[in-house]
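Chains: A, B, C, D, E and F, in written order; residue numbering restarts at 1 for each.
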Amino acid sequence: MKYGKWMLTLAALMAVSTSVWAADDTASEEMLRVNNTWMLVSAALVFIMHLGFATLESGLTRAKNTVNILFKNVSIVSIGLLTYAICGFGLMYPGGDGGHFLAFAGWGLDLAQGAPGNALGYCGGNYTYWTDFIFQGMFAATAATIVSGAVAERVKLSTFLLFSVIYVAIIYPIVGSWGWGGGWLAAREVGFHDFAGSTFVHSVGGWAALAGVIVLGPRLGKYFKGKSKPIPGHSMPLAAIGVFLLWFGWFGFNGGSVLSADPTLVSLVFVTTSLAAAAGIATSMATSWIVQQKPDLSMVLNGCLAGLVGITAPADVVTPFAAIIIGAIAGVIVVLAVLFIDSKLKIDDPVGATSVHLVCGVWGTIAVGLFSAQKTLGTGDQDLGLFYGGGAGQLITQLIGVGAVALTCFVSAFVIFKVLDAIMGLRVEEAEELRGLDIGEHGMESYAGFQIFTTQ
Amino acid sequence: MKLIIAYIQPQKLESVKQALDDAGVAKMSVTNALGCGQQKGYHESYRGVDMEVNLLKKVRMEIAVNDEFAEKTVKAIIDAARTGTIGDGKIFVMPLEECYRIRTGETGQDAIG
Amino acid sequence: MKYGKWMLTLAALMAVSTSVWAADDTASEEMLRVNNTWMLVSAALVFIMHLGFATLESGLTRAKNTVNILFKNVSIVSIGLLTYAICGFGLMYPGGDGGHFLAFAGWGLDLAQGAPGNALGYCGGNYTYWTDFIFQGMFAATAATIVSGAVAERVKLSTFLLFSVIYVAIIYPIVGSWGWGGGWLAAREVGFHDFAGSTFVHSVGGWAALAGVIVLGPRLGKYFKGKSKPIPGHSMPLAAIGVFLLWFGWFGFNGGSVLSADPTLVSLVFVTTSLAAAAGIATSMATSWIVQQKPDLSMVLNGCLAGLVGITAPADVVTPFAAIIIGAIAGVIVVLAVLFIDSKLKIDDPVGATSVHLVCGVWGTIAVGLFSAQKTLGTGDQDLGLFYGGGAGQLITQLIGVGAVALTCFVSAFVIFKVLDAIMGLRVEEAEELRGLDIGEHGMESYAGFQIFTTQ
Amino acid sequence: MKYGKWMLTLAALMAVSTSVWAADDTASEEMLRVNNTWMLVSAALVFIMHLGFATLESGLTRAKNTVNILFKNVSIVSIGLLTYAICGFGLMYPGGDGGHFLAFAGWGLDLAQGAPGNALGYCGGNYTYWTDFIFQGMFAATAATIVSGAVAERVKLSTFLLFSVIYVAIIYPIVGSWGWGGGWLAAREVGFHDFAGSTFVHSVGGWAALAGVIVLGPRLGKYFKGKSKPIPGHSMPLAAIGVFLLWFGWFGFNGGSVLSADPTLVSLVFVTTSLAAAAGIATSMATSWIVQQKPDLSMVLNGCLAGLVGITAPADVVTPFAAIIIGAIAGVIVVLAVLFIDSKLKIDDPVGATSVHLVCGVWGTIAVGLFSAQKTLGTGDQDLGLFYGGGAGQLITQLIGVGAVALTCFVSAFVIFKVLDAIMGLRVEEAEELRGLDIGEHGMESYAGFQIFTTQ
Amino acid sequence: MKLIIAYIQPQKLESVKQALDDAGVAKMSVTNALGCGQQKGYHESYRGVDMEVNLLKKVRMEIAVNDEFAEKTVKAIIDAARTGTIGDGKIFVMPLEECYRIRTGETGQDAIG
Amino acid sequence: MKLIIAYIQPQKLESVKQALDDAGVAKMSVTNALGCGQQKGYHESYRGVDMEVNLLKKVRMEIAVNDEFAEKTVKAIIDAARTGTIGDGKIFVMPLEECYRIRTGETGQDAIG
């Protein structure tokens, strides 16, 4: 059984909750075909999130660094897929008895597993080996992309790419395997529940982002005499395009994480995901309007993502009403986090990656322990959330998971950044930063001919 | 000959052009500028951090005229650009020594018009 | 039966026309799973239309108002989904005997209906309760988005948001329920046919847009001494991105409105939708080339949308050839309407929302009465269109529907705008309009650093 | 049998390789519904590639020609769909015994074939007649779009549109029918294998692009005293958006070309397609970094497309490992080709269309002969690739195909361009080219108000 | 010292720069400008409404030179920028009182080059 | 009255503005410019073709001052803009004949401030 505890739980849940997914139906060829098609559509949707990240990040930074940001985002997709094919997939889903800290299924891809004859036998006949790889592979690069936004406008290209290779090839899959690959977190009595990756994707990226910006330090001119100075992003349309595309892709990110086209679960996930995003928009707008007097578009865009990141862990186990609450809280948190991190902690994160992915990733993971309500939903036989009378068991597991991931990811990212900094340098030279990384790193401009003030 | 430089509010460009045309001045060059004067700036804020913007959008006009046109030109600009509120702009008049028309090589007063 | 007449007609049609959808197959779990998956994909496609609207509208307006437009479009998605969850869904699909003017199923969402055990029993086993909500909810915000484009560059943000809440929460679902929720229009002898919303979405938005621009008046500088002045949009790439994304989303908007993955109907709808859009492009190009001497990209973009709006009502009941005619006529109409409304009526609609969504929405609704040909298509047993020998019955119903919606929507939108204007003001101050709403309403700029003339 | 050899081969392959697709299952209504849904989703994905081309091409050219490029791309979609409905579909899939050079099924679309009763009987019950048309129709315009990028910034609008009509209505479908419509290439003993169109789409477009730029000559200022001068594109974000959207669409372009939702094949195609693109990025980055000292974003974007074009012919018959090799080689080739064509051949192709679509299209077609390995994959009973011990049979057929298409397309495009040039002129006047085609051809600007240097 | 302001057609910038270089003038500043002169504008139309555009794209050069260079500079510009068609542009020459090099604080003739 | 034109490095704008403010000069106009001087350009390459960029981004300031302010202003700019590396920029001082405030019609020394 490839997914260890994770998969077993899910299967149990299905068996109980829906008559749809009875044992032998599962293996029907039509079923396989529908489920597999949905998983592939989801993979394509997750893919387009990389465009979302690319435009969001370039929109929120300055025109003189746009080529560099786009370049990083294109490279990361490549790095993510290739390293996942080489070793990531084998590290993340090692098979075996489960409960492990570290296990490895082997290098590369396995033609035998992908053979047509194997299709019905693989993973309960829900999808093929190839689908499994491509869907999971599309997630892999996301963690590095999150870092990319935070370290933007000052990080040296070659060093960052090397960091991404290491982080995506090794840290991401190992940590992910703890929960998704049947590892020790999944094997706890009350298994760790991170539906689509508030922790294993977003906070894994967020911790590395935090480590990165701490090692790098703020952009030139960001803090002057101890006061934070705004460095406005150069294109709000690009940023908005990014957020809409991310939401669009999230239908696959969350919807595909059902790992089948189960009608009830996938549609429930669509509803919880969308309502959380909508609530995140509403409350971040209100918060921004109150705190900043005028409603700040970049904050509302972050609020939307905050809702999405927050609902990513609990999307399949909470009611739509709880989803609204989770998203609403995320929308408030993210605005305050951006202000706090920028002005109080004086950590310079140009796109708010730590606030969105780290802070709200943690929030979403904890929210599972508070709101999990499968019995209420009719999709399971237990309400595990604290607020639904499920006691603290789930919550404790969630907190343990958050802590373990925090420690591992932050420390490892910090060490990798420090070592790379010592060996090859992590930050571009001052003159290059002033003139822009587009000219410095790539010898080209993003908007040839356009008249742009580069006074910052 | 004089070179007249005028900073005006962007939205007044159309009417100033019209007024100059009426005054017989049909040639000019225009650039985009940012200005800082008595007019108070405004506050922007980006991601919660406040920023005072005191370089405001203006349009800069540059008009070379023969001496006898100078006064007319200035008057036309003032009339068309004035709203009476702070930020209306300034006009600067400078001596112009020589003027060439590239197409013909003409110089001086002939070249200006 | 949730959909009253609407659903019955559809079911009848299927039963007759295809052997695919026999009574008990319908309820098969595989069928549910395919249908439901397609509906969810459609919901995601409809979602991305909001990005299409956001970029189209910002592309066709000035750079100084871009943040404001993006902000409105992001907010509207949130407003649409949240109000639909609270009361819109219950107002639009109230259940009951049908034939009503106003009925209400109740507040909020219903966990029991969404439970897995209910999946096969809900709506003929074509999709789940959650899918129903999310698909319909994605439509809800569209009406307000249409208004947003028309009132752009001068409307006060807070007032507009409040208008949207009211209009989307109350007017849109009530009017929609007349046709889609089994109300009186659906219950007529020859039922009103608005397949995917030429009337219930586009013209509902269009009438409110018209009311809005009349109450607001034109932008400063738009009319000078009684002559119309052009105020060019700031980014044709954004506008083009918008139109392509809208077309892309329309595959879900129309394709999903089949309310199942019926192979013949969904594919027919893809064909009619695409051919109408293609024809709209071709004829608007020709019209623009002739009337304006040079072909105007913004007109051709509108022409494409005109074709799409026009085919939205009849997409499932007309032949591909008729679809080309409908789209072609829409493409001509829209160019003339833009010219007429702008220069003759002197109504200032920056993005042409009234021409596209209102005029062509009405055209599409009428086109059903002219071209409906289900017998010819083999998908039903009657050709109801006037041109196909079906008499005037359908046409008359369509005209009644158009009139009723016109009256209700225009009047109600007009009243809401007037009341809000009196209470809180509808239009920003002159100085703010000159400097741009981005600074006035949001205290930020869209393109920081870029040198942009703001002489208009 | 509509697809002649092509379809037979495919069917044979399925029968052998998967237990999923047994004869009577095929005809099941559920199967039809899944397959058809996937084909429609694919059609929508292929559609969005037109937006990808539009933004890529406008991003890589100058701001003063952006309206013109967008206009061409919008028009081409319309031209593609309408001509395909009128005659293209009938020319490309003429039915009959196969083995033909030229055959024609008749004008327009056929309502009878599209009728619901016919659904299960059409094409093995995998998709409906309407689906067939819309999926193939979306491909049709692509060839002309490829040309559009190459001739950008100097071609006269009306002449180009006329060229597109002729080329898309006649040349594209005739050539395509040789392989996909059961024509002589498909009928060879070892049938020509072009899975999704490295040859029939990309190189068909690429040869016309080459003919076009040769007839047109370089843009003003591109070559000065025999030296190539760079003319930088005006927006790297638009270019990057284009490439991501193209990749996204390619999931439908390649994935849909399986012509069913066969789980193994579609997912394998997703994997090979993605890995080739990722490899193309990696090697083009390395090549660019080495050759140009700094990594050039526009080259890496081309490298990604190169990988995608390269894998398009062999996507369903090669292993993931071979896909990486194919993409990697494409990534190197494309960078060298751009340099060689631009600086040595002195052929001015602003967006690199010939390097990407022609050179890599040829490479991909040949790669089939080298790497085809269906037995190894378990999806067939022969390994036909030279490197897999399959001998040179496949390779020879592939080379014959490449040659035949080269000859036909290049010559016919060249002749059409020359004739149109003589009749109505192919190139805009010098003054217009200097000021920009946006003003010259359309009387409008792309970025009203923005300050842009137009010194080139 | 003189300050020379030249308005030229954008596409002539490269050749003017080259000509100036050949004439020993390597320093200059360039801005984007819109100009209105004898050259007729053109018509744009947007959504069916006609618009006369008579502010055409020009490039503005500003070159400070020592007196003995003034003539050479003007000549070089005229030669390189002339096409003989309307719209070729204008050159204005103004007195320059003082010049400072920020880096060194040098003034006058030394600072200019 | 003088008209002072200064070309400075873009990133120095903030500190120059601050320095001017400290020197009692609060009014100015700013435009975006490209400059060519002793500072060496850099190489860009696009699609494999090399391109030498020697028009570098600068900011152009235009400040009209009364005579007694001229020296102070120049000094303030030099102090704030100097880094000591090539490319720091230039200051040009020109005679200004007249100045008008559009809002009030005031002229001369009163109008400048």
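Just so it is clear, a contact is a pair of C-beta atoms (placed from the backbone, for glycine too) under 8 Å apart; a residue touches a chain by one contact, two chains touch by 3 or more.
Being a predicted model, the structure only gives us computed values, none of them experimental.
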**Study point:** Count of contact steps on the shortest path from chain A to chain C
**Key:** 1
Check your understanding: Are the two sides of the chain A and chain D contact the same residues or different ones, given that same means over half of the numbers occur on both copies?
Key -> different
**Study point:** D-F or B-C - the one linked by more C-beta pairs in contact
**Key:** D-F
Practice item. Please compute the C-alpha centroid of chain B, do the same for chain D, then give the distance between them in whole Å. Key: 53
Point to revise | Where chain B and chain E are represented by their mean Cα positions, the distance between them in whole Å | key: 18
**Study point:** Whole-Å gap separating chain A and chain D, where each centre is the average of the chain's CA atoms
**Key:** 33
Review point. What residues in chain E touch two or more of the other chains?
Key: 31-32, 44-46, 94-95
**Study point:** Set of chain D residues in contact with two or more other chains
**Key:** 30, 34, 37, 41, 232-233, 235, 241, 292-294, 296, 298, 443-445, 450-456
Point to revise | Touch-based graph of the chains, sorted into line, ring, star, complete or other | key: other
Point to revise | Those chain pairs that satisfy the touch definition | key: A-B, A-C, A-D, A-F, B-C, B-E, B-F, C-D, C-E, D-E, D-F, E-F
Check your understanding: So in the complex, which bits of chain B are touching chain A?
Key -> 32, 44-51
Exercise for review: Within their complex, state which residues of chain E touch chain B.
Suggested key: 2, 5-8, 31-38, 55, 58, 60, 74, 77-78, 81-95
**Study point:** Residues of chain F that touch chain B when the two form their complex
**Key:** 3, 17, 26-32, 62, 64, 94-103, 105, 111-112
Check your understanding: Contact residues on chain C for chain E in the complex?
Key -> 228-233, 288, 291-294, 296, 298-299, 335, 338-339, 342-343, 352, 451
Study note, to complete from the structure: chain D residues touching chain E in their complex are 221, 434-435, 439, 443-445, 451-456
